[in-house]
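Per-chain residue numbering starts at 1, and chain names A, B, C and D are given in the order in which the chains are listed.
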Amino acid sequence: MCAMKGVNRRQFIAGSTILTGAAMLPWSGNVAAAVSSATDASGSPRKGGVLRISVDQAAGMLNPQQARVNPEYLLAELLYSGLTRLTQDMKAEADLAESWKASDDLTQWTFTLRKNLSFHDGSACTSADVVASLNAILDPKNASPGQHNIGPIKTVTAPDADTVVIGTDGPYADLPVMLAYPDAKIIPAAIAGGQPERLSKEAIGTGPFKLVSFEPERLIVVERNPHYYDPSRPHLDRVEVVVYPDAIAEGSALIAGDTDLMLSAASTEFARLSKSSGIVPLRVSSGQFLNVNMGCDTKPFNDVRVRQALALCVDRKATVDFVAEGYGTAGNDTPLNTAYPYYLNEPLKEPDYAKAKALLKDAGYPDGLDLTLIASDKPSTRTQLGIALREMAKPGGFRINVQTMAHSTYLDQVWKKGNFYVGFYNMQPTPDAVFSLLYTSTASWNETRWNNTEFDTAVKAARETADPAKRTELYGKAQKLMHDQVPSLIPAFFDLLAAGRDYVAGYQLHPRGAVFRLDHVWLTAKAPTRK
Amino acid sequence: MRDVMKHLIRSPQGAVGLFILVVAALMVCGGAHIAPYDPESISILARYKAPSAEHWFGTDQLGRDIFSRVMVGARATIVLSLLATLMSMVTGAVIGTASAYLGGKTDEAIMRTMDAVMSIPSLLFALLIVSTLGQSSFNAVLAITIAFVPGMVRIARSVSLAARQQDYVSAAIARGEATHYIILREMLPNIVAPIIVEATIRVAFAIMLFATLSFLGLGAQPPEPEWGLMVSEARAYFFNAPWMMLIPGVAIALVAIGFNLLGDGLRDALNPRSH
Amino acid sequence: MSDAVLAIENYSLDYLLPQSEPLQVLQDISLSVQRGEVVGLVGESGSGKTTLGWSVMRYMAANARERSGRILLAGEDLCQMSAPQLENLRGGKLGMIFQDPGASLNPTLTLGEQITEVLIRHRGLDARQALELGIQLLSHVELKNPAAMMKRYPHQVSGGEKQRVLIATAFACEPQCLIFDEPTTALDVISSAQILALFARLREETGVASLYISHDLALVSAVADRVCVLEKGHIVEQATARTLFLSPQHAYTQKLVAAVPDPAHRLTDATPVSAQPLLSLQNINIDYGRHGLLDRLLRRENGKTRAASDVSLTVHRGEIVGVVGESGSGKSSLAKALTGLVPFSGKVDFNGYNLSGRAEMDKDYRRRVQMIFQHPDASLNPRQRIGEIIARPLRLYGLPEGENEAQAVARLLEDVRLPASFARRFPHELSGGQKQRVAIARAFAHPPELVICDEITAALDVSVQATVIELLLELRRRYGTAYLFITHDLNLVRQIAHRVAVMYRGDLLEVLPGEAMAQHASHDYTKALLAAVHTPEKAITEHL
Amino acid sequence: MTASYLFKRFMLVIYTLLVVSLLVFGITQLLPADAAVTLLGQNATPQALAAVRARLGLNDPAWLQYWHWLRGVLHGDFGVSMRNGLPVAPTIMAALGRSLLLAVCALLLMLVVAIPLGIWAAVRRGKLADMLVSVLSYVGISFPEFVTATLLLLLFADVWQILPATGYVPLTEDFRGGISHLILPSVTVAMILVAHVSRMVRSEMVDVLQTDYIRAAHLKGLSRRRILWRHALRNGLLPTITIVALDVGYLLGGIVVVEEIFAIPGIGRELIVAVQARDLPTIQAGVLILAATYSIVNFLADLAYVFLDKRISYA
C-alpha cells in the first residue's frame, strides 16, 4: 500500500494506517521483532490496562520539539502527533495529515489535515498550528534538533484551515518521510509563537495519551486521550514510563515483573532476559552503527592509504562480537546495511595485515603510526570499539592510544572538530538522510571532511529522483566510493534489542529506534492488574 | 624502627595486614613479570572463559586474561591510592600544623573553612573535581587528594595542638628556641606517628574512593587494568560471567583490609603506652 | 586474731606476663584490722599497696594469680566466695573509697542515684525510702542542702563534696570494713583535712575497721592506729605511727622516714645577703581567654579570666623563694609568665633587664632564667635521646670552654648523678626520678641565675623527691643559683625556702620567712593552711 | 548552653553554606563544556549555542551569575534547571526526600545492628565474639558500595528472587512494596557504617568499662546488668552521636553510588545527571542541600551531646 513503490512523480502519495512490513524484516534466530508469541495475543486487542515501560535514561525534555533521546522521543510520540509518521519499513504514513501530494518537480508538497482535530486542552488543531510548529522547529533561536532533519523546507503556508503547503529548496522526494522525524510534532500556535517554555512543564498535544505526571528522573505517567482522532486507539488506559539508569537494574525489574516492557535492552543483558521465563526477547536488525571518524583533510588521514590500511586491520565479525555481543551485523565502511533499502551487498572486508603494512609504508610510515583515538564514555560501546581497534590494529603497525572523555566534553571539544574519534549514530529513515547528515560535503555534521564531489553528485541525483532503479545505481555508487576510500571506518551495526513480558501484545520493535507506537499495544488477559 | 616492626608483627592485625600488603607490594613491583599473558591483548576465541588451569581467574568480555590484568593492575590501583594519600597527608600536615601553630583568628578561619569543605561528601566533591579536570587516573588522584585534605588538616591540627601543649614544647619556647626548630624538631616527630597511622587507614579509603570513581567512569580509563574500572566494566556481564567482577572486587577489598589492619597494628605499635 | 574484722594471712599474688616470668606483686602479706581500728598501709609507687586493696575487694586484673594465703572478712574467706556472694558483700559490708572522687562518680548520673542504687541493692529499700535515707546520709556527712545535692551531677559540685558523697555511700550500708585508697590525694590541703576529720568522726560512730592506703607517711601516721610499711610486695615493718617515726627498725623504713619533709629540719643555710634583688616583679597581671568579636558584637562582659592580679615579689641572688597555694591559685601562671609562655602585664626587673612583655625576653634572659616542669614525662621530648635533649641548650647558648659537646653532656649527666651512657637512651627507658634529673641537667647546661621549679617533685615518690631536692641544693651551693620554688607541699617548702609567698585565687596574700612561717602568718588562709598540714611532728605528738 | 553559643553555632552553619556555594560555583565555572552544549548535543550549531546560552544566562560574567543565584536563594528561589526548564527546588526537595528515606532506613539499620554488636564485642573483649565482630568489621569496611550492591543484587534479586532488584516505590503508594525496595539499598549503605560504628562503639565501651566509676560501681556490688545498662552505656554511646553525625557525610556520599545502582531517583542520581549535563542550578542547589543536611545534623548532634552529657556547658 505504500505509495512510493512504482512511482511516478505525479502520482498521488497517500499514507496508510495499516501496519505493514514487519514480515519483511530480517530475522535472527527465533527472536521476534514484535511481542506476539503468546497464544492469546492473536486475538483482537483488549481495551484497558496499565503498561509499565522502562527506559534507560531520564526524559528531561517534555517539549517534543526539543527531544533528543529515545525516552524523550517516546514521550513526544505518546503526547503529540506529527503530520506523518514512519512505518516499520521506513515509509511515511498518515498522522495528522490525512493525505499529501507533491508538485511535479517535487518542490512543493500539499498536506491535507484530518477534520476536527483537537489538542488536549480542547482547542482545535488547524493548519495554523502546523505552520507555527514547523516554523518553530526551523527557527534557529529555538535550536530544535529537528532544524536540519526535516528536509530542506523553505516555506510553510496554510491556504485554508485544513491544508498546509510546504515548499522545499530543490526537489526533495523524501519530505513526507522526513516530516516523520520524532521532533517534528505539532504544538499549539500560541505556544509555538510565544511561550515554548510552557511545554517543559505541561503537554498540550494531539497525541493518543495525555500527561498525568512528570518526574523526569523517575516516573512519567500518561493516560488515554479519549478525544484521539482514531477512536479505536489507544488500547491502554495508562502508560507509566519508569526510568532505570542502570542496565542490570532495568533487566532485573522486567524479570521480577516490576515492569512489562523495556524500550531497549543492553546487549549484555539480552542473553539473561532471553533465558527468563515469561519474557519475550525482541530483536530487529537496524542501521544503528559505531564508526571511527577520520579527518580526511589533515595528516595522516588525508592520505587514503592510511585509511585503507586501518580498514584492513579490522576483523569485522569479531568486532560485532566485541561491541554488540554478536547482536549485530558486520559493516563494510558504508553507513548502510541490510536494514536500509538500496543496500549494496559487497563481500565483507577481511583483515590483511601484510597489505595494511604495505599501504602504510607507501604512505610514508614504514615504522608504523602513532595515533590517539578519542572515545566518549556514552555509550560504553564506543570505548569497547576503541580498545578492540587498538588491539586489532597493532599487527598492522598502528599504535593507538585510546583516550576516553566525558560525553559533554567530547561534544564540546572533539565532535566535528577532532581527527580521530569514535562516533555512534542511530538509523536514519532513508539512505539520503544518513548520507547527507554525515558524509556529503554539505552535510550538517560533515565530520570526516571527505568532501568527495563524485559522492556528492550521486547522492544529490538520487535525492532528486523517485525512480528506484536509478536510485539503486546511484546509491550503489555512493556506497562503493565509501567502501573504497574509507572516510570513516564502519565495522559494525547493532541490532536493536528489547524485551517484554509475554502478556504485552501489539508491540513492534522499530529499526529506526525512535518509533514506538504504544497506541497499538494492548495487554492480554494474563497481564497482572496494576492500580 | 625495628622496635615498631617487632610490635607490629606480634599483633595479629599487624601481622595479617603486613602479610597482605607484602603480597600486594610484590604484585605492584613484579606484577608485570608474574602475568602469564599480555593484560591488554584481546582474543575473540577466549571470551568469557571461567577460571581454569589455563586462565586462573578466567577471561573477560574481550578475551583478556583476568589474572594478568589483576597482577598488572595492582600498580595502578595501589600506587595511585598511595600517591593520593601521601599528597593529602603532606598538604594536610603542613596546613594543619601551621594552623595550630598560628592559632587565633587564622586558625579559626582555616578550620571553619575546612569544616565547610568537609560538609560536601567526599565522593561528590571528588566527582565535581574530576568532572572539571577531565576523567583520568591522575585527575582522580588529584581529586581524592583535594577531598582528603580537610580531614588530614583536622587530624594534623589536633595532634599538633596536643603536641604544642606538651611541656617539652613549652620548655623549648622558654629556652628561646627558634620557631622552625620547635616545629621541625620538637613537634613534627611527635605529630608524624599519629598522622601516619591515620594515613594508613586512609589509604584503604583512597583505594575504595578511587575504585568508586573509576566505577562511575571518572577514574582510570579503559583499557587500563585498574581494579575499580575492571569491576565497573564487568558489572554489565555480571550474570553471565560473575568472576569478572568478583575477582577485582575482592582484590580491592583485600588490599583495603590490609591497609586497615596495618593501620590498627601501627596505632598499637607506635603508641608509647604499649612499649 | 579471731576478733579481727579483716585478716589477711600469708597472701601472695603474681601478675602473669606474656613471654616472661610472672611478676611477684605481693608476697606473704599478713595483717589484720580490728573493729574500730585504722591500719595504715604505706608504700611508694609499685610497692603493691593498691593491688592489696583490690585483692581484698576481690576485684582483680585478668592476669592476676593468687599463689597462697587467705583473706578473711569476719572469719569468712573471701577467696572462696562465689561471685553473687561477693556482690552482696561489696558496697554493703565491705566498701572502698578511691583517690579521685571525680573519676569514681559516673558523670552522667545524679549524685542521688549513685547513693540510692546502693541502698536499693543492699538494704532492700524502695526508691522513695532510698531517697529519704540518702538525704539523711548526705546531711550526716555535713553537706549543705542535701536534698538539692541529690539532684546534682558530679561536675556541679566541688571535689571535697564529691568525696563526702562517696563517703556517705560507703557508710550507707553499715559496713564492717572499708578500704581507703589515697582518699585525699586529689584534694587541696584544707578540704583534705576536713575529709579526714569527717572520717574520724564516722569511724568513731560506726566502729568500722579501716585499711588506709597512702604514700604519705606523715598523713597515714596521723590517721592510723598502726602502720604497715610495704616495700616491693613485702611488709617490712608494722608498728604504731609514733614508734615508726621515733625508732624505725627496718632500713627501708628508716630511709622513708628520713625522706619525709619535716619543716623542723631545715635543709638550707640562712638567707643569703644581697641587697640588690635579682628579680623583682611589680604589679604583674596575667589574663587568660580573649575578648572575641562575638563578645564585642553582643556587648558582653569581658570574657577573660584573671590568673594573677597585681603580684609583686622579689627574689635575691642565691635565694630560694617558695610559692605555695592550692591548684588554681595562679602560682603556675606566674612561672609561665616569667618564662614567656603566657602574656602578662606589669613590670619585670631582672638583673638590670626591664621587661614589660614577653616579646622583650631575649636569648640572654632565657639563658639566665631556666624552668623545670612538673612532669618529666612531658617535658622531655619522647622522640629525642637524652644526649640530644641535654645538648640542645649547649648549642643554643654556647659550649663551655675546653669541652666538646659529648664531654659536656657526660659531665652534666655526672653532675646530676646519672651514668654517661644514659646519653644514648630515650626518655621512656628512664625512671621518673632519672627523668627529672635529666631535666635538671638541661636547666643547668649553662648555669643559670634563676631556676623556676614548677612542682618538680609532685610526681615523684618521697624518697626520690628527697634525692632530687638534695641535688638541687647542691647545685645551688655550687653555682649560687636562685630558685623560685613553686609547690603545694608546705612541709617541703618550709624545709628549703628562705621566704615563702602564699597565693590564693590569683592574689599574693603574704610573703613569710620560710623558717618561721607559722609564727609570722597573719592571713587567715595561711593559718588554715598551716593547721591542715600533717607534719611528722604532729604525727608523733597528736593523733586524730 | 547559652543563646550566644546557639547563635555562634548557627552562624557557622551559614558560613559553611556560603563557602560551599562559592566553592561549588567556582568549580562549575571551570567545568568543560556547558549546559548549552549538553542540551543541544549533536544538534549544536554556533547560532543554536548562542541562542541557548542567552536563554540560560550563561553569557553573564561569573560574579553576576553568582549574585543572581545568591539573590534568588535568599528569596527562596533556587532557579530553573538548565536541563528541562523545571524549577530546581521542588525537584531537588522531592529527590532529597527519597534520599533521606533511604538514609534514615540505613541509619536505623546501622543503629540496630552496630550498637549491639559493638557492646557485645566490648563486653566479651578478647573472646571469640570480639574476634568475630572485629573480622566482620574489617570485611565490612573494606568492600566498596558498588561491589556490595552488586553482590546483594545477585543473591537476593536474581538467585533467590526474594527481594525486588531495584527501583523506588513511594511508601504512600505501596507501603510494603516501598519497604521491600528499600531493603537492599539500605543494607548496602549501612554495611560500611555498621562496620565503622560497631568498631567505635566497641572501643568507647572498652574505655568506659575500664574507668574508675565503672570499677567503683562493681565495688558497690551492683549487678552486671545494671552496670552495663545504667552506668556504662550512656557514657559509652555518647561519643557515638558525634561519630554517627560525622558519618552522615559518608552516608550522603555513599548514597550517590547506591542510588545509581539501585535506580533510586534521589539527590545523588540527580546530582550525577546534573554534573553530566552541566546543569549548574541543580548542581548548586543539590550540593548546598547536602552540605546543609550534613551541617544541620552535626549541629543537632552537638546539641544532643550537650543535652545528654551533663558535664559540658557552653558558656
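Definition applied: a contact is a pair of C-beta atoms (placed from the backbone, for glycine too) under 8 Å apart; a residue touches a chain by one contact, two chains touch by 3 or more.
Computed from a predicted structure; not experimentally measured.
Between B-C and B-D, more C-beta contact pairs are found at B-D. Chain D has its Cα centroid nearest to the centroid of all protein Cα atoms in the structure. One simple way to say how far apart two chains are is to compare their mean CA positions; for chain C and chain D this gives 49 Å.
Centre-to-centre, using mean CA coordinates, chain B is 22 Å away from chain D.
Here the spacing of chain A and chain C, counted between their Cα centres, is 88 Å. Counting partner chains per residue, chain C has no residue touching two or more of them. Residue positions of chain A touching 2 or more other chains, listed in rising order: 248, 406, 409.
Contact with two or more other chains is made by residues 32, 150, 158, 260, 276 of chain D. Under the touch rule stated earlier, the contacting chain pairs are A-B, A-D, B-C, B-D, C-D.
Interface residues of chain C, counted against chain D in their complex, comprise 57, 59, 86-92, 95-96, 98, 100, 103-109, 117-118, 121-122, 153, 155-156, 166, 169, 294, 298, 300. The residues of chain A lying in touch with chain B in their complex are 247-248, 266, 268-269, 271-272, 315, 318, 321-322, 377, 380, 383-384, 386-388, 390-392, 402-406, 409. Residues of chain B touching chain A in their complex: 40-42, 44, 47, 61-62, 131, 134-135, 217, 221-223, 233, 235-240. On chain D, the positions that touch chain B within their shared complex are 12, 15-20, 23-24, 27-28, 30-32, 138-139, 141-147, 150-151, 154, 158, 249-250, 252-254, 256-257, 260, 268, 271-272, 275-276, 283, 287, 290-292, 294-295, 298. The residues of chain B lying in touch with chain D in their complex are 112-113, 115-124, 127-129, 131-132, 134, 204, 208, 211-212, 215-216, 228, 231-232, 235, 238-239, 242, 245-246, 249, 252-254, 256-257, 260-261.
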